[in-house]
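Here's a structure for you.
Letters A, B and C mark the chains in the order given here, with residues in each chain numbered from 1 onward.
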């Protein structure tokens, strides 16, 4: 694997695979480009012709209507032609290999693949395989990365907090299984956030998580102390009542975000969640809908950030 | 619930939830607007830019390819961006609540939700929840209402019979479970139809159906006597051979529309059906395909009526 | 059935149902029209407005994401509105007949139906049923025909070999169940290919295949001797280990394309496959990816050929 599989020889973004090692200037370029697209969502006519005539394939090997929809909207607002493929249900069931599927779609003159896959690394494999000029966007691979979610979270934090270099950000919950958490941590440290904390039970934190540059807390109240940003993670249904956890109720008691616990953070702390939320499990409903919650703005900014990523990747065209 | 949840303070349509209580001038506005769109379906280029750049979400919590397709075509011919979401298969399976799903989609700058839901009232809940400028169209909720079907039926009747105020309209079959019948009855009485009849076995008519302003018949021949319009309802598969009915064959014998029974109606009576038909159950094939049948024109007018509704709801934009 | 159900009274294409009996000038017209579209796939903006405002329905009664995708892309690049309908999962499950489904969609002012159906002849039935001006494209019906695949294969052969009248073409594998093989054979003989061979075990060749104008070989090496074009067919999963064949391994040994066997063909022979491939069953991986393989160009040309067919069928409009 090349050192920077997502950058071209001039250091420009050619794929978006991960926020790990993504240079600060490129993250900032995405955030600045997204600024322009935020206003488009508010217009009467929400379309720009930047990707007109381009073919964007949403390749979802793992079902996620919500994420697929955000990319579909983003691509359509850029005037691209969008093809949705739920690959689990098609060619691979005919025994075709992942790369044969990609080769075939690429031969249809695809310009961009948005890929969600249950296996970590699948988007890398695809990115290395496609010809120059075809872009790959990782829309979530296994436990590894979900870079557009990480970037939209950075956009949201910047929107509310302006300066990353004075912040304390606490990420709470099932960090172990969370590609979202990993993408956030890499982006936060790159952007110069001085203190990133992870909070959760030992069973839901990676063994070597400190190596990512974070502080570990098992006591949520201590972990939230003085935080500017509180990021709650989704507890996957399949973990609840599983061997790693006593029960959803028990989890809520210890690691669910309540007014009581949130009071330990700064008074102007913002509350984030990548969605979909389990109300009453990782977050109390009054907090989810409260004045500190920026969960819905995250979604709105998410469209703009995805438009930014797609327009940066697609602008060059396939023949440069 | 407000007295007129589908009207704004100036009495204009802001959602389309039901034909019950929908003022006559608004029904007529829809029908007149649809006139313009009927001709568009016959053109070489069947598109108008009225909803260009608008995002229309087809939210189908209950599967209906046929109805979803009519709204998809209507929206595309208005140049909207259309996102189809089969919600049964996605977020709600992740345990997300209906309103969280709506909030999320609304945060993606949706302009319109077309909602089909197995629960009566779900589109009302959504309409009350969304922010001003976002429109909700009920595409069928439980047994309650299917207003675009009711309006396209009014368009069809007006097309063939011109004057509502001299008509006898007979609605035949499973009125009890039919949201279509309810939407037709409200629209017909509002438009001044002097005699609306419902015909069916006791087990398939609501107990208090006369309160809707209709006459009840259990004998189909007597009920069709002198009718100008005969509306056959679909007998749901799940009712056939169920406890409410002896058998599909028996139903056909008593309440299926045959030449023999239709002869009791006026010679120029039209025959309608919302589709899909059960030939040989509620309607005999020669009648379905006969000269009095306007079942396929109903479909064609249905696209125009849905374009009319969507353009009336979407024209104002979200920032008025 | 009329003698030429796919031609109008002036001998122009009004549907594309089969390559059998399709006049040479019409095949050549498709190939020449496709030439223009090949270059469109390479452009920055891959759209032309030829079908703007037309409604194309992809009616797939049999699941095939790959084929459906090629038609969807082709239609979108022609600027049509595309509606995808997986009919297996919708109306027919409500007991509606095929022709009622078609009537309903046609009443929505459809301009073109792209039909895949598990029953041979279904697209003919539809073509005979729709009103003048509505076009039907057969996207594969039972074992009968897959004419756009046949035509894209002709395009591919012409691209690499120029002159059909000097070629030896060998088609290898499960000819018995292959609609692709049938469509290829008819097109090849019409275009004047002097020698078309079929190669396979007795159990996988139709009893009277010679009547199609082909030579039969059971020994693959003899059959490939001096061939200019080698077309490998997909071995359907359901055949493997079935009563007609000993095993996939055994099949590969006798009829799988290996370097060893390919050496019998001309040194500049091209290798084709309609996809998706079973690597190690009908074709060895090094051959599939080798210098003689034109399998991916087939896919690229396939989009252009489908654009050509759709533009020829749609250009006249519904009111001519």
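One rule holds in what follows: a residue touches a chain if its C-beta (ideal position, glycine included) is under 8 Å from a C-beta of that chain, and two chains touch if they have at least 3 such contacts.
In this text the structure is predicted, and so the values were computed from the model without any measurement.
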Across the interface between the identical copies subunit A and subunit C, with over half of residue numbers shared counting as same and under half as different, the residues used are different
A CA-based fit of subunit A to subunit B gives a rotation angle in degrees, as a multiple of 5, equal to 120
Rounded to the nearest Å, the gap separating the Cα centres of subunit A and subunit C is 41
The positions of subunit B in contact with two or more other chains are none
So, in the complex, the side of subunit B touching subunit C is made of residues 41-47, 63-66, 69-70, 72-73, 76-77, 237, 275-279, 296-297, 299-300, 302-303
Counting only contacts in the complex, subunit B reaches subunit A at residues 52-55, 81, 83, 85-87, 89-91, 94-97, 100-101, 103-109, 317-319
